[in-house]
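Chain nomenclature is as follows: A, B, C, D and E, assigned in order of appearance, with residue numbering initiated at 1 for each chain independently.
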Amino acid sequence: MQTFFQQIINGLSLGSIYALLALGYTMVYGIIKLINFAHGDIYMLGAFWGYYVINVWHFNFISALLSAMLVGAASGVIIEYFAYRPLRHSPRITALITAIGVSFLLENGMSYLFTSNTRDFPQIIKQVNYHLGGVQISNIQILILATSCILMILLQLIIKKTKMGRAMRAVSVDADAAELVGININWTISFTFALGSSLAGAAGVLIGLYYNSIDPLMGMTPGIKAFVAAVLGGIGSVPGASVGGFIIGILETFVQSIGLSAYKDAVVYFVLIVILLILPAGIFGKNTKEKV
Amino acid sequence: MLLTVDDLFVNYGVINAVKGVSFNINEGEIVSLIGANGAGKSTILKTISGLLRPKSGKITYEDQEIQSKSAPKVVADGISQVPEGRHIFAGLTVMENLQMGSFLVKDRAKIKQNFDEVFERFPILKQRKNQDAATLSGGEQQMLAMGRALMANPKLILLDEPSMGLAPIFINEIFDIIKEINKQGTTVLLIEQNAKKALSIADRGYVLATGKIQMTGTGDELLANKDVQKAYLGG
Amino acid sequence: GCSTAKTTTKGNQTTGNTIKIGVNMELSGAAAGYGQSQKQGIQLAASEINKDGGINVNGKKKKIKLVIRDNKTSNNTSASVAAQLTNNDKVVAIVGPATTNAGTAEIPNITKAAVPSVSPSATDPAYTLKKNGKVQPYVFRACYQNNFQGATAAKFMTNTLKAKRVAVYADNSSDYGTGLAKAFKKAYTGKVVDSQFFTAGDKDFNAVLTSFKSKKIDAIYAPGYYTEIGLIIKQARQAGINVPIVGSDGMADPKLAQIAGNNNASKIYYTTPFSDDVAKANPTAVKFMNKYKAKYNQDAPTFSALAYDSVYMIKQAIENEKSADSVKIAKGLAKIKNFDGVTGNITMDKEHNPEKPIAIEELTKGKVSESFNVK
Amino acid sequence: MKANFKYNLIWLIVMIAGFYLINTLILVGVIDSFIANMLVTIGINIILATGLNLIIGFAGQFSLGHAGFMAIGAYATAIVTQTASSPVGFYASIFIGIIVSIIAALIVGIPTLRLRGDYLAIATMGASEIIRIIINNLKMTGGAAGMFNIPQFADWPTVYIMVCLTTIIIVNFIHSRAGRAVKSVREDEIAAEAMGINITKWKLAAFVLGASTAAVAGSLHASYLQTIAPNDFGIMESISILIIVVLGGVGSITGTFVAAVVLGVLDTVLQNFGALRMVIYAIALVMIMIFKPSGLLGTWEFSVKRLFSRSKRKERVES
Amino acid sequence: MDNVVKNFSGLTAVSNVSMHLDTNELVALIGPNGAGKTTLFNLLTGVIPVSSGSIVLNSDSGTYPLNGKPAYTIAKMGLSRTFQNIRLFKDLTVMENVLIAMTSKVKEGFIPTIFRFPSYYKTEKQLAEKAKQLLEIFELENDTDVLAKNLPYGTQRKLEIVRALATEPQILFLDEPAAGMNPEETAELTQLIIKVQRKFHITILLIEHDMSLVMNLAQRIYVLDHGSLLAKGTPAEIQSNPAVIKAYLGEEVD
């Protein structure tokens, strides 16, 4: 029983990491229907930023986190401006390939500049473990869990309740009509990228701190997983991204705990496919059947 | 002169959709633009509202050249377009669609007042205000599109085929509403396939064919014109 | 009749004053981390040799010219790189690739060109062998094969740690982890309670560790690389698993303790050719480590040491054969005996595997506290 | 009818001439084994990418799982030729690979092809990963170490012939009733169904055909390189095939050829740039996409017929 | 068709509609926006499944229930349609658009197709000729190689009708064929529809808001309002039906 609850904690904290990354994916996808392959690499940039400012400039945790969010936001906006904006009226698959190209560029560019060695992330917050009836959870786990829940609620509020959020939704359903009511599309899309990418930047610092190891390719695997999580939850949906992240985290943990660790990704993909067959637009996705 | 279009050329890649069109609209008028499919009517509207950039020509609005302004700036200047095919925001409620209409209006009281006016004019929208706009019927969507445009307090409203695909009973209603909007001080540029209806409520009209103005006159003059009758009024 | 063209060569000759050595290496892609370390070792060796005037070929000193090419950690590209190195660059020997997979992809092309290749780290037992069990004439390596390391770890578990129940947690994404796990299980006489896998790039091992915890184990055997094993150590210790963790030379890197955290890195053991003790007794190693530190401003990882040795093994072969022609170098490599390398005293066996001493190091608080000699 | 025969004959002559050109160049030493290596890689990529272009460009189904089917072919050949080490064994292994990949494509395709766009992409990517993970954990396939010492039966002529063969099959498929049906599915599923097109059947047809050519490419890959491992068939491999398709122009087989060649040459040239290679490659990729968003050739297709009618027209003008 | 019902999660778009079409009849379906006309077409052609009720086709060769059949089967059985918002295969040529509609009529095996047996060329040629003939009726024979998306709007509507005819239907459903056309073009279209019906001996059911077209063409009219039948009868009856005037036509009739 104790083991069981411990596994739940393990699953939740892994899930919260996927959720954190999936939120950014979903934001960007929601507005321009682009799988932003480079999202995982912005997370990597955030982690490296945190690494340097803490080690070299001796930032504290909060300022490292906030500055990494700024760096994430800035890189998201810059990438959108140079790589995606020129392709806004091109086929979506073109933009996807560009996103893959940007991802390659960030991964290999960083490897080139900083070598592909793994680095240990400075442990700026001392890890403290809390024990509750034999089940243990660390302060950093709680921090990540709380952050991703709060961010999810915050994002949902921004999208549903603010003027900018409405503008984002309007741009995503009909960009021309949005312009006709006075929405600056470029601005709105930049804002979305800034928001989504700042989440990746924050995730970089949090996850760097949690696992204590960063490298230029660190964005690849969780990037794909987080994307799968976003799809599972219904890509474009904020609560979907979180739920998808938690489901995958718990599922992976469960599969490993019953001794099928060699198949953990296979099981995740299998469940993904099964869920998509039942809910073709993911758990929270609106299945907008075309009206004939 | 509220709006002057001067020797306008617009291209889609190599296709010349509009070839040297000039016309003008006075404050308080209803001006109608009629012409066959593909004549370039929608293209002209989109160019005025800033969605398209002209190849050459001038568009002057309240003594300012606006042909190189972006759509949001044009909206801010007081020109609203009701696009062809309605283009309401699916997935947003009726209420949210209308809120989007006054995206650029800062004054909360003013927004509130706009809501009241729109709901008064389109009572059906008030009934449906929390419904997803995508589930409205065609006529209701058209009303929503007009309501949304009015939420921006436009001086000039551009209507692109507001009667398309509507049942006869809705068509009458829509034209009544256009007249009313105009009476309350909004200048109207109206594009229509339904030339008879359009010309009958218009102060002046222009006939457009393959990207050029062919004819102009008051609404009644055009209605009485033989060529116009033959080509656009069905005999 | 539709006969197609075939090319044959008698190997590449060295003409002029430079000896061209190719480097077919994982400089980008999944194994780039290892490839980069190896490149540094290779470059250090080459510049050292050149500073001394070069390699003595039958009385005449010739300098090394490295031709470094990236194989992207792709089999395809590795084959292509090998072809380019042998055909266009006319190298007389190749160092690399780092991985067994990229290494095997290179074999057809280097064999055709009769150019030997020394891989610093391809560990699969069958790497140097043909299907029929005969040795590949141009394939050499500078590292142990998995069987040897796995079996050594198994003996150590039983004899020194007295572990009766162990869990195996292996890297499932290359032959390295799976091969070692297999060799370990074959040689281990106690009970393997649980056997689980992870994938390179994973960062969260809590689920498996939690289930290990409930199983009363005496030790964990975790073959893999420091990038993941470091995290496994950290997460195991944080989860309250304090049993010894034993691994392989993939862990022999100063980064391991950094990633795990020094406080967590106790009761950690790994098999390695490159132990601190050996190093202290071995002037070659001391020299290497100092120079490496001076040049790259970091402690030398095992992979750099193995790559460094690979270059010197080629040098040795050239000097012994008094020729820098590729076919001769291959002969020379096969005959290497008592070569004084950073990673120990090396003698090439019949299957082109280096025989060298193996040691097991223990980490306490992140520092090497003891090393055991296993026979 | 005669005209049709003429065009087919011209194509045949072009193919044979190409073969002898390469052969001569090898004999006189212009093409060394390095360039031959590049040509074979390009050839295998062409087979992979034309199949994927059929699925994505013509049937409009966004599949991101091509590497999985390639893996099936590769392992079929590796396993079969291990015991049946003869040309017959090799061709039998290609056949087995095709059969297994068709079965896998049906299992994957029947349920998932109902999904749309990016959802389909993720589902197929997942399916392909499942295939890879299973291979990674099987004894028969050598696990993560993969298989090496695979006997080499595929040399460049084999690959050349297979490129011609698969291209003929795919191009003829596209330019026929089947191709039209498949394209109608891409254009508008609802309208296609209303015109009596069984959309599931045609989607599946394209998917299965694409998968079976991928298996052929896998067989050639395994036999030529003589070593394979599960990691060769991961998501990145699927993506790199996708890149060829999009770079050449989604819906242009000619474009696929051009892109495979361009990327193949670029890749080998970049070998000279060491660690910068992937950086340059990434920048090139982004640049090409930004400046040529619909791919190098868009949907343009080379056609002997058109060439002829054009030159005829010219003749008429001149005379 | 009997007591057909369609529910969309909570909304009843079509409720208990019963109607019938006789051979060679030309019937119109009118009603306010959102009355359920298009939905009814979708039910008849299998685009969406019916919630309850039955649809039956009585053809010369027997009686076939159409409920639950997929759209492509229904199309093969001889029910073809056009769409309210044009659904051409936009990036394909006019010719291809028509040929696709003939796909299910040809049986050419995979092997002969792939390896280009002479029989393949023969079938292709026959198909192309048949398509040409159809296109000639609508004066589209010179546009065979034009991409559908580059056609003017009115011509696209015509092409949709040609494409529907190419499936050799017994019944043709036209959803607002005159939408977006001016009166002149509408008149022209009216003539075409009459011509087509005579030439191919088919039954036509059409939806239209343009009363000039409806009143000139229809032998009978069904009026739908809020998903149920409001009235049925001849054009004259409908025009003077007060309920129809109130719900649909409005006070003044053009």
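To be clear about the criterion, a contact is a pair of C-beta atoms (placed from the backbone, for glycine too) under 8 Å apart; a residue touches a chain by one contact, two chains touch by 3 or more.
If you want to know which protein each chain is, UniProt gives these names: A, D = Branched-chain amino acid ABC transporter, permease protein; E = ABC transporter, ATP-binding protein.
What you see is a predicted model; the values in this text were computed from it and never measured.
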| item | value |
| --- | --- |
| Number of hops, chain B to chain C, where each hop joins two touching chains | 2 |
| Each chain counted as touching chain B and chain D at once | A, E |
| Chain of greatest Cα-centre distance to chain E | C |
| Contact-richer chain pair (by C-beta pairs counted) among B-E and A-D | A-D |
| Approximate Å spacing (C-alpha centroids) for the pair chain D, chain E | 40 |
| Computed distance of Cα centres, chain E from chain C, in Å | 72 |
| Whole-Å separation of chain centres (CA-atom averages), chain A against chain C | 36 |
| Approximate Å spacing (C-alpha centroids) for the pair chain A, chain B | 43 |
| Numbers and ranges of chain C residues touching at least 2 other chains | 28, 30, 36, 172 |
| Residue list for chain A, restricted to those that touch at least two other chains | 108, 111, 262, 265, 292 |
| Contacts with 2+ other chains: residues of chain B | none |
| Chain A-touching residues of chain C, taken from the complex the two chains share | 28, 30, 32-33, 36-37, 172, 194, 196-199, 201-204, 206-208, 210-211, 213-214, 226-227, 230-231, 234, 238-240, 255, 258-259, 261 |
| In the complex with chain D, residue positions of chain C that touch it | 2, 4-5, 7, 27-30, 36, 68-70, 72, 74-77, 79-81, 83-84, 86-88, 100-101, 104-105, 107-109, 112-113, 124, 126, 129-131, 172-175, 177-179 |
| Chain A - residues contacting chain B, complex | 163, 166-167, 169-170, 173-174, 176-184, 286, 288, 291 |
| Complex contacts: residues of chain A adjacent to chain C | 3, 6-7, 10-11, 13-14, 17, 108, 111, 115-118, 120, 123, 127, 129, 136, 138, 207, 211-213, 215, 217-218, 220-222, 252-254, 256-257, 259, 261-262, 265 |
| Chain E-facing residues of chain D, complex | 1, 4, 8, 168-169, 172-173, 176-178, 180-181, 183-184, 187-188, 190-199, 299 |
